[in-house]
Amino acid sequence: MAVKTETIGLARRDRAAMAARVAADIPEGWVVNLGIGLPTLVADHVPPDREVIFQSENGVIAMGPAPLPGEEDPWLINAGKQMVTLRPGGSFVSQADSFALIRGGRLDLAVLGAFEVAENGDLANWALASNEKAPAVGGAMDLAAGARRVWVLMEHTTKDGTPRLVRRCRYPLTAPRCVSRVYTDLAVIDVTAEGFLVREMVAGLSRESLQSRTDAPLRFA
Amino acid sequence: MAVKTETIGLARRDRAAMAARVAADIPEGWVVNLGIGLPTLVADHVPPDREVIFQSENGVIAMGPAPLPGEEDPWLINAGKQMVTLRPGGSFVSQADSFALIRGGRLDLAVLGAFEVAENGDLANWALASNEKAPAVGGAMDLAAGARRVWVLMEHTTKDGTPRLVRRCRYPLTAPRCVSRVYTDLAVIDVTAEGFLVREMVAGLSRESLQSRTDAPLRFA
Amino acid sequence: MIDKIVASAREAVEPVADGMTVLIGGFGQVGTPNHLIEALCEKGVRDLVVVSNNAGTGTHGLARLMAEGRVRKVICSYPRSRGSVVLEELYREGRIELEIVPQGTLAERLRAAGAGIPAFYTPTAAGTLLAEGKETRIFGGRACVLEHALPGDVALIEAWEADRWGNLTFRKSGRNFNPVMAMAARLTIAQVHHVVPLGTLDPERIVTPGVFVDRVVHIPYGSPRLT
Amino acid sequence: MIDKIVASAREAVEPVADGMTVLIGGFGQVGTPNHLIEALCEKGVRDLVVVSNNAGTGTHGLARLMAEGRVRKVICSYPRSRGSVVLEELYREGRIELEIVPQGTLAERLRAAGAGIPAFYTPTAAGTLLAEGKETRIFGGRACVLEHALPGDVALIEAWEADRWGNLTFRKSGRNFNPVMAMAARLTIAQVHHVVPLGTLDPERIVTPGVFVDRVVHIPYGSPRLT
């Protein structure tokens, strides 16, 4: 399944552009959890005057931008253990209350990284094998099962070209049928009852080229 | 089962004395919930320098004495809807956290009123019949099932002399096998694996007289 | 800009519709959103299921809502208080359904709804009339009853301070069922005594984060009337 | 007079015995009771079951406790952090048991223990490897997993302020697992930065009432070392 398509002329999104693309779709007022790694960058691309409430598993509600140099507070970290700030109007809750929020229907969106997303919305993002040593799940399963919407932000393929959008996940599931949209470096793709539906593609990419990098059949909006 | 025993010369405890008798047995440091009515009086008989933490179902931890005239605060009530005070060191929690405390093993004692207590510790204190109109249970079942100890404070018999300490409860149960001690106007009685064990009686009362006012067999310590 | 403040109690309760399950905060007369309930009476919705610790006293607030025939069913722990004449009369006449739930189980069923927990086991009520017909299971040698989450379509709550995000603090025993009901409903409407600028509430002192609150109306009505 | 303040971390952990289940608060290095853990290392108990979100980094705190062979089993959500070499080595060598629990389920199992709820159903992990061998049941059309309360014999927690009754406040994201672990253990020991006179903590700002705390030791060690 290695990708052989020519990539010259392809306006592949870099990490910042991928994060910015997700940020553009988050409306004011949503309560959002950003997964560790790439998804965390999304916060930097929401305009400061658009009030989006970023929540972190460790009980921080309404995180602001990264602290300025010299203003870091080691008592204020996010789920990725990075120092963050609190917006005016932010607050702190316990881990139990934080996950009550996550599971209880008040989290509008979780943006998560993934190894694979299946065309039925299955998500695999926590373990690479069922016998993995010391696997680390963190809050991934709670977020995937609890958020009102799960969007995945990931590279369209692995470094060696293996598709990450698949018919069925090969890796252990985080949660079944939870993903509603996938943002990659190449496209924005909805998960529908009929499988993957491509909403947009980067400039210079053909439908055939995108399909060749995808394990499951694509439809185009 | 009406009581025919002569009552002249009997140092029957009045309500204040009953409450004081319970208070004498509560050590410093215990966390205690007092039921509505007679049990509420127990707090007035704990010496102010003995730090006992009285908790109320509606989320008040460490209630103090009744407010002085002119110092009442209508925002600060107990489960019986009476105005109370807060001791220094007191705090407020939600109803969910309040009952977490009650069920979670941190409530040393609940002092409850009762219609009947059975010799196996069964408690009946919430409904007089299984088809009662608009019955009101409040927190009685949670306290009876959750507290580490349940002591009952009640008159030894009904006004017409019917015993309240019984072989089996006739009224609907609040919780099975939960009562460990009963304080009445006549005696202090432990509930043991072998049934009721009388710890002390008021002056002027004979064993036979106490037994005649009790439905279940008594043993005497 | 997120701004959950609305101009009036009437506007605040506008989304409440016939047949909804309405959670009503308060314990006794403390922390009870009486102005929101009165607005609900004026709005004229019908066939409500009301979840509340008490079932109203006198002729105002919840008692008025019931007296006007707007409540199909009450789920509560303690319907029989001094002055709870409306409920008792409706119940006697078979004109209202009543579900009695132990107070701690009521609080926990609401908390479960707010926490996305569909059901849980509790020792409370095991071996009693209130467990009849319910699944019972032994844990650690102890009989426990299966209880289900109790979500609301709407919660009407009362709080002390709020900002435009809906962050809330409560006053003393006015906290009671209010924070847990705020979490348990799809739509939470708060009647508050004080509205303060965003960022002025101490983040460590906020009890209900605004993420659980949808509408806030400023009604500085004074202290609860306890009688 | 209730006085839960003890003189040293060593005295604070004196009740911890071989084979106990020990809940350890903190998320990353924030709110982690490292001085209590070090005291436990010096005490020399064995065969512990440790419940903690992470499984230690570097060579101090929980990592030291494990490296010294005092931990039989770790129950956690995220054992693999930067610098979690001790756990990984012990696990690879089969010298430590590991139970991976989703973070929200871990928090809820602890909360259930603190609330006297023996078991509950959650949608988290349904249909995944972590639900294998567990009872699954449908609620509202959704598969949910039966999870059990996770009580501790002892909880080691960190807090910001305390009084002699053990009332606690926390600092920013130092709150995390600490309040829920305080409720989940039979005996709770808190390492705190500030000890203040009884009655000086705002009753509305106390997060963990002293009723959940048994021992308090004053260790003003400064800010967490994040690296």
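Which chain is which? They are A, B, C and D, in the order written, and residues in each are numbered from 1.
Operating definition for what follows: a residue touches a chain if its C-beta (ideal position, glycine included) is under 8 Å from a C-beta of that chain, and two chains touch if they have at least 3 such contacts.
As the structure is a computational prediction, the values presented were derived from the model and not from experiment.
A.B. asks: Would you pick out the chains that touch chain A and also touch chain C?
C.D. replies: D
A.B. asks: Comparing centres built from CA atoms, which chain ends up most distant from chain A?
C.D. replies: Between chain A and every other chain, the largest centroid distance is to B.
A.B. asks: Which whole number of Å gives the spacing of the CA centres of chain C and chain D?
C.D. replies: That pair's centroid distance is 33 Å.
A.B. asks: Report the inter-centroid distance (CA atoms only) between chain A and chain B in whole Å.
C.D. replies: Roughly 56 Å separates the two chain centres.
A.B. asks: Could you give the separation in Å between the centres of chain B and chain C, each centre being the mean of its C-alpha atoms?
C.D. replies: About 29 Å separates the centre of chain B from that of chain C.
A.B. asks: In chain B, what residues contact two or more other chains?
C.D. replies: Where chain B meets two or more other chains at a single residue, that happens at 86, 92-93, 96, 99, 102-103, 146.
A.B. asks: Using the touch rule from the top of the page, what residues of chain D touch 2 or more other chains?
C.D. replies: Each of 108, 111, 115-117, 122-123, 170-172, 203-204, 207 in chain D touches at least two other chains.
A.B. asks: For the protein chains shown, what form does their contact graph take: line, ring, star, complete or other?
C.D. replies: other
A.B. asks: Could you run through all the chain pairs that touch each other?
C.D. replies: A-C, A-D, B-C, B-D, C-D
A.B. asks: If we count contacts the way the header does, which residues on chain D are in touch with chain C in the complex?
C.D. replies: Going through chain D, the ones touching chain C are 108, 112, 115-123, 139-140, 142, 144, 148, 169-172, 202-205, 207.
A.B. asks: Would you tell me which residues of chain B are touching chain C in their complex?
C.D. replies: Interface residues on the chain B side: 56-60, 73-79, 81, 83, 86, 92-96, 98-99, 102-103, 127, 130, 133-142, 145-146, 172-176.
A.B. asks: Please give the residue numbers of chain B that touch chain D in the complex, ascending.
C.D. replies: It comes out as residues 28-29, 31, 49, 51, 53, 55, 61-62, 86, 88-93, 96, 99-106, 146.
A.B. asks: Within their complex, state which residues of chain D touch chain B.
C.D. replies: So the residues of chain D touching chain B come out as 1-2, 111, 113-117, 163, 165, 167, 183, 186, 198-199, 201, 203-204, 206, 209-212.
A.B. asks: Spell out the residues on chain D that touch chain A in their complex, using ranges where they run on.
C.D. replies: Touching chain A from chain D are residues 27-30, 53, 55, 77-81, 84, 87-88, 91-92, 98, 100-105, 107-108, 110-111, 122-130, 170-180, 207, 223-226.
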